[in-house]
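Next come the structures, one after another.
Each of the next two complexes has chain A plus one other chain: chain B in the first, chain C in the second.
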Partner chain A sequence: MVVFSVYVVNKAGGLVYQYDNYSPRNDVEKTFSYPLDLVLKVHDERVVVSFGQRDGIKVGYAVLSINGFDVNGRYMADNRDVLEYLNTSFNYPLAVRFGRPRLTSNEKLMLASMFHSLFAIGSQLSPEPGSSGIEVLETDTFKLHCFQTLTGIKFIVLADPRQAGIDSLLRKIYEIYSDFALKNPFYSLEMPIRCDLFEQNLKVALEIAEKAGTFGAGS
Partner chain B sequence: MTVHNLYIFDRNGVCLHYSEWNRKKHAGISRDQEYQLMYGMLFSIRSFVNKMSPVDFRDGFLSFQTSKYKLHYYETATGIKVVMNTDLGVGNIRDVLSQIYSTIFVEFVVKNPLCSMNEPIQSELFRTKLDSFVRGLPFFSARAG
Partner chain C sequence: MSRQANRGTESKKMNSELFTLTYGALVTQLCKDYENDEDVNKQLDKMGYNIGVRLIEDFLARSNVGRCHDFRETADVIAKVAFKMYLGITPSVTNWSPAGDEFSLILENNPLVDFVELPDNHSGLIYSNLLCGVLRGALEMVQMAIDVKFVQDTLKGDNVTEIRLKFIKRIEENLPAGEE
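Let's look at the complex of A and B:
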């Protein structure tokens, strides 16, 4: 069982810390002949599969490399457009590697502030009075756990749905944050956390959580 | 255990149906605004979850919970969204939501030629069937505090 990543969001919705603990790679490389039997389109400066799933290549996967050379967004290393290159028959056969697109740091900032407002709306739309914001968000592949401190800082942990003991992990992270970020004289409040001790202790806490809490009866 | 309320949205975000049973707090905005806010939140959660997920999905977003309630979400391939708010004690009720879609929505709305899609459902039959179905659920309890 695994913890995928940790986010710390300040009270204004800004991302002050992010750590990817484990991200499974599921790249698929395949050799294609002309014409390509996948429909590709450009989305957010990436070339992604919009229709057609085969051999483990799924809709939403981005083109990562062509013939072993990494693709830079929607352009190839020599500044040619990926879509144009793939639409030219005499370039074939070629090997294209697909995979889930990685989040850029900009996207992470955006997602953190998005969660900040979702959290608030979740509490506003509550049918019961006195509700907090979103504490657990469940999907079939991961569970997002959020702990908001009294001062408004949010600690967010993405983990496997079966991973137990996340509540205590969140409190542990809060403790680590108080000890190693807040007590660091070089740390200015509400700003990104760049403290080595914070990171080291966080990694230790994650390791302990992964070893200890597995397959609990839901957390 | 209790069921608070239920929303049904179509693929364009029109609130086809809303009903409530034990709801103690209202959002403090008009109904239409509330539907829009709810749909907007679900729409954002869907795209949020899609980007955040480290691996590929089958069903995607299932539910979220706060300190007081739990929101269950079910979406069909045609984009009909069934959203039910319950208290925290209720587990996974995906099958219940899919039953609401397949045995009530399809039977009494889709198969009713007088019900036009993509506008709020007027059918009284649908309303009563849905109400009695929800009231019959094992986790529905009438004791509203």
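Let's look at the complex of A and C:
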């Protein structure tokens, strides 16, 4: 699995489709005794580690569950405050699972429109006239590929940096979009895509792209 | 998926009679629903527009044409690639205005009118007006505002069918980032 996710952004910068194909899980569960030797704080309605990296628990990881029960933001299932619970000595020993918090759909929406603006800024900053916006954004762990159509729709694929054949995958997604979103008479333009056929065909295309890519799964 | 797989650049062929008959049924129904031809023309144009704004993506995804940098290039793509792809005909491009902002498409055989004889009480009907809407809608999505109309029609006794396209302006506000 080397294609992480797919985004479709309409010409106004609104996210109309998002699909997470594969997200690496790096949750860590550990049993703690009192007192907790990690410094926690509340950030964006989540309890996150702010200091004291250890045993694969990194700064920025959020508390996902306690003793196997999922944590809902900064509250536990029974509405007790997570920080208070963790500061109470008679609750220990405790098994706490930490992990990178998943992006919420709201956050994805925000990031997509932010990328839309960055894309525009990119093309304006260019020293060469007539440059396109951002086509590839490369990091240590993933590569973002963006394809903008003549009509202004952006298809964005996040993939492993070594995954090959993303350009043709982007063209393929454009075809699938024109077939299964636009030719569906009940899909209204510029609106979020909720079409099963679109999703099914997209998944097939991703599988094919991953198999055809030069490097194997999970690497 | 099997459908996807065998749809490369070569798109699926279909019997054009089914298409022309369906279109005929649509027009006759509109003629029943509306009292004057003017309204029917307007409806056909509106439907065409709605088709065009979707069809353009299919066209771009499949044809691999890049952005046109002048209206002449646009005319070529419409006549040689788009009409060929969707109607199986290649109209000729003629009658350029001196400014290069107007041209005509001459349709030798319009597949929409294969079996049509226009009755006397529908002299105002522009039978194939859907095509105008399609062209207008599709070009609007690639940021070109144009005016499209039939100026000659074999159905009305003219020798040829002629669609006139007039460039109005680039729609700057819709221009995607990175396009001049």
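General observations
Here is the rule we go by: the second predicted complex is superposed on the first by the 213 of 219 C-alpha atoms of A that agree within 3 Å, B and C clash if a C-alpha of one lies under 4 Å from a C-alpha of the other, contacts with A are read in each partner's own complex, and residues count from 1 in each chain.
Here is the rule we use: a contact is a pair of C-beta atoms (placed from the backbone, for glycine too) under 8 Å apart; a residue touches a chain by one contact, two chains touch by 3 or more.
Worth saying up front: this structure is predicted, and the values here are computed from it rather than measured.
If you put the two complexes together on chain A, you find that chain B and chain C both fit without a clash. In the superposition on chain A, A:Ser132 makes contact with both chain B and chain C.
More residues of chain A are in touch with B than with the other of chain B and chain C. In the overlay built on the shared chain, the residue A:Thr31 is in contact with neither chain B nor chain C. Look at A:Asn87: by the touch rule set out above, it reaches neither chain B nor chain C.
Judged by the touch definition given at the top, the superposed model places A:Lys183 against chain C, while chain B stays out of reach.
The superposition of the two structures on chain A yields an angle of 90 degrees at the Cα centre of chain A, opening toward chain B and chain C, reported in steps of 10. In the superposition on chain A, A:Ser123 makes contact with both chain B and chain C. Figure legend note: chain B and chain C, brought together by superposition on chain A, show a least Cα distance of 9 Å. According to the touch criterion, the shared surface of chain A, contacted by chain B in one complex and chain C in the other, consists of residues 122-124, 129-133. Residues 4-5, 20, 22-25, 27, 34, 37-38, 40-41, 44-45, 48-69, 71, 85, 87 of chain B are the ones touching chain A in the complex.
Contact residues on chain A toward chain C in their complex (touch as defined above): 11, 116, 119-120, 122-124, 129-133, 148-153, 171, 174-179, 182-183, 189, 201, 204.
Chain A makes touch with chain B in their complex at residues 4-5, 22-24, 26, 58, 60, 100, 103, 107, 111, 114-115, 117-118, 121-142, 144, 158. The part of chain C that touches chain A in the complex is made up of residues 1, 4, 7, 53-54, 56-58, 60-62, 66-67, 141-142, 174-178, 180.
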